[in-house]
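Two complexes follow with chain A in common, the first pairing it with chain B and the second with chain C.
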Partner chain A sequence: MFGSFTLTHLLYLFTSIGWTLVLSALAFALGALGGFGVLLARISPRPWLRWLAVVYIECIQGIPLLILLFIVYFGLSVYGFQLPSLVAAGLAMMVYVSAYLGDIWRGCVEAMPKPQWEAAECLAFSRWQTLRLVIIPQAVRLSLPPTVGFLVQIIKMTSLASVIGFVELTRAGQIINNSIFQPFLIFSIVGAFYFALCYPLSRWSEAMENKLNVANR
Partner chain B sequence: MKYSLDFAALLDYWPVFLNGAWLTLKMTAVAVVVGVAVGTLVAFAKRSRYRLLSRACSAYIEVVRNTPFLVQIFLLYFGLASVGVRMPTFAAAVLAMIINIAAYAAEIIRAGLEAVPRGQIEAAECLGLSKWRIGWHVMLQPAIEKVYPALTGQFLLMMQASAMASQISAEELTAIANTVQSTTFRSLETYIVVAGLYLALSLIIKFATGLLGEYLFRRRRVLRKAAARSARLMVEPGQAKVASHGGAA
Partner chain C sequence: MSPIDSPVAERVRAGEVAPPAAGEAIVRLHDVYKSFGSNPVLKGVSFEVAKGEMIAIIGASGSGKSTALRCIDRLESIDRGTIEVAGIRVDSPSVDLKRLRLEVGIVFQSYNLFPHLTVEENIMLALRHVKKLPRSQAHEVSLRVLDQVGLKQKADAYPEQLSGGQQQRVAIARSLAMSPKVMLFDEVTSALDPQLTGEVLRVMEDLAAGGMTMLLVTHEMAFAKRVADRIIYMHQGKVWETGSGDMLDAPRTPELKAFLDNGL
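Take a look at the complex of A and B:
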């Protein structure tokens, strides 16, 4: 007969939150790095680079993360790289996240008034100086709410890594469910844990957005 | 090990792939239509005077938006099955998608409703329009028009999320890819083909929603035409051209 849900199970679920957070942090760090590159390419003065970035963003945004995960996971394995699932998941999410973050940040950079660029040009700033000293410090403030909002998406996305066998919160729930078969209880708890992670971030993002709106008014 | 991509092995399977793409499209279409209808109701209910109702709607929206879709599917399919409600995988997947997109649509439409100026609603009341007509003509239509791009973006994300339905082995593109790759052992090629198909699907949806928007929002079309006409008139005298280039030093 099936066992019942015990404290050990709860503890197991609870510790697996750690892996969800590790993967989220990895995906965000790598994705932010890639996203910054995409942003720079997207606003580059060279048309071919801009064009390349547009194609990249459009393509990645049209493909589900699950398929990207499969491509990275199976793709690397047929070429002889047996990567741990954490690395495969991190890489796939990097590709996916960078397309979205690049697009979000481009919006923030383009929201900066044109005279800022012109003033910097008048002061003989180079393009990189203009970005680093003038545009990005202001754009960061604008980009915080959508970026934190996207962080929520990233945490939710990590649940997909369960498919390639990475033991995070969802996978841990599946494992326990396979042994005691109480899906309603277990996935409710798993959902509650995700909610506990994501809800504060959502609220934070919302609060920051409201603050910015008031400042603009 | 040397590995070379071989797409020829998949050539026999193209009807299977197309069928999968069709299933995904069908699933998404049903979920989007029903989901937006439910979402609209939820958006109005959230604005209602009854605190309990509006609280319940907020709770529903927040819970759905802050938990992964995969967990929602598992909860719906395995969870309901364990208490005796059994349904086909396809129905369970579509139901999960409806529940998911309704929450997102409700939040988007609510933002649109809030952007309708209070004065417009009051003006409509002064004109003696009925409550339903105010809701439909004065509030909902302009609200949808305003948030249409955000809404269609959500449809695209939903189409991608439908890939997760393969995890309860509902018949759709990703599930079909899993079967094909397990019979041909061409996993990488299969998933590349499927990625291409998803990309094509999202382009189709983008195009279709763009056309639909053009058809639905007559006001926007008229405005744009008028703007284009006046821009042509403005540019012709030659002076305006200089002015518009003045800023790009």
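Take a look at the complex of A and C:
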């Protein structure tokens, strides 16, 4: 049944999971950093900054990640910026993820009851102190389930980096398939690996959401 | 004609407008107007609160009493008139809000405690980050004010572990910890049952007895009559009638009479 698929191929796929995780971690860390900036801009008292954040979010959410990957990897190389595929994928995903995380977190911050802002205001907190000490600690709890949910998406989206030659799990599967041509078997194993990575996170996100619902009931 | 339309001196004599505060006025509202969109809520409100005085503002829902309170702490900006608190012009566009809010403590109906922090942390937060007190000093202050409201033993509890009355007393303690010159109370017992109301009112009575300047929006007529130095009755966005607690026994205007008849 396994034909020419050997243990070596399996180990190769297994090793490539590491690169999927590296790219996921990079995309999440950079995207979270950018997303926090987008969140601050989105809730800023300055209208022009809010407008800028809205334009950024709308634009990025309207462009497929694949196109962003092409722009960063192929597009920038025309102007002399020949980035390694990991860096290009990390940057493109940062841009993409920050637009989504910024918007998710904006929703969580805005879901905080107005009296909490008011109470902090009445205690003479500055806007930044109110955010840092009162609003964000509460919003973080609310944002955990959707953030972990989005992390699952990030892990799956890393497969797109295969088109710019970054050897992660999907690309490793393609490479093996090109040599032994057993697409059903190989991509089923690749799919199983993705599932093994994502399923626990999905369950964790779900559990957190349930806990939050119970707490708020 | 509403009482507010007659000459000021006459209205003061008639008890329709709050007279100037007997002592040194710490809060002054003069001819304050405030609208929300096309809905006028305050229509020329004027009154003063002297240092150490306790004033109860009563009136039907929508009479503008809570809005007046919120304007004093600049949670709402006014359209016209002047408001001064402890020498700070609240209506000035360049008002130093931090300075103002260090002088004014406000407690709301819905407590507004920070649910992610313990009782003590709720109190210490502003002491540490706004007043910049060292942790040990902030700890001392928080225990002192908790003792004042009878909740020292609840320092480590989270707000959700407390009753409504206890949460409200923590909210009062949190404001007190900042040592404000004036305390504003916006219907702080409206969400509480009679037993819990009693424990909050006792704390407020102690504060009043201790000489704290207090401005209190309330529906607790018996409490207002017993404890307040003066009572202001607001109706349709105006100061309609003012006086001592006795005015509740002998209302001069039909509006106050109707309000008391409906409420009691």
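One rule holds for everything that comes next: the second predicted complex is superposed on the first by the 214 of 217 C-alpha atoms of A that agree within 3 Å, B and C clash if a C-alpha of one lies under 4 Å from a C-alpha of the other, contacts with A are read in each partner's own complex, and residues count from 1 in each chain.
Going forward, contacts are C-beta pairs under 8 Å (C-beta built on N, C-alpha and C of every residue); 3 or more make two chains touch, one makes a residue touch a chain.
Note that the coordinates shown come from a computational prediction; the quantities given were computed from them, not determined experimentally.
*Asks:* After superposition on the shared chain, which partner residues are touched by A:133: those of chain B (first), chain C (second), both, or neither?
*Replies:* Second partner only.
*Asks:* Which partner, chain B or chain C, is in contact with more residues of chain A?
*Replies:* The larger set of chain A residues in touch belongs to B.
*Asks:* Output check: A:163 vs chain B and chain C. Expected answer is one of first, second, both, neither. What do you get?
*Replies:* A:163 contacts chain B only, not chain C.
*Asks:* Figure out whether A:121 sits in contact with chain B (first) or chain C (second), or with both, or with neither.
*Replies:* In the superposed model, A:121 contacts both chain B and chain C.
*Asks:* In the overlay, answer first, second, both or neither for which of chain B and chain C A:7 touches.
*Replies:* neither
*Asks:* After lining up the shared chain so the two structures overlap, which partner does A:194 touch, if you call chain B first and chain C second: first, second, both or neither?
*Replies:* In the superposition, A:194 contacts chain B only.
*Asks:* State which residues of chain A lie in both footprints, the one left by chain B and the one left by chain C.
*Replies:* After superposing on chain A, chain A residues 118, 121 contact both chain B and chain C.
*Asks:* Of all residues in chain A, which touch chain B in the complex?
*Replies:* Residue positions touching the partner: 59, 61-68, 70-71, 74-75, 78-80, 114, 118, 121, 152, 156-157, 159-160, 162-163, 170, 173-174, 177, 181-184, 187-188, 190-191, 194-195, 198-199, 202.
*Asks:* Please output the residues of chain C touching chain A within their complex, sorted ascending.
*Replies:* 73, 75, 97-98, 101-102, 104-106, 108, 110, 112-116, 125-126, 129-130, 174-175, 178
*Asks:* For the complex, which residues does chain A have touching chain C?
*Replies:* On the chain A side, the touching residues are 115-116, 118-126, 129, 133-134, 137-138, 141.
*Asks:* Give every residue of chain B touching chain A within the complex, in rising order.
*Replies:* Of all residues in chain B, those touching chain A are 1, 3, 62-63, 65-72, 74-75, 78-83, 156, 160-164, 166-167, 174, 177, 181, 187-188, 191-192, 194-195, 198-199, 201-203, 247, 249.
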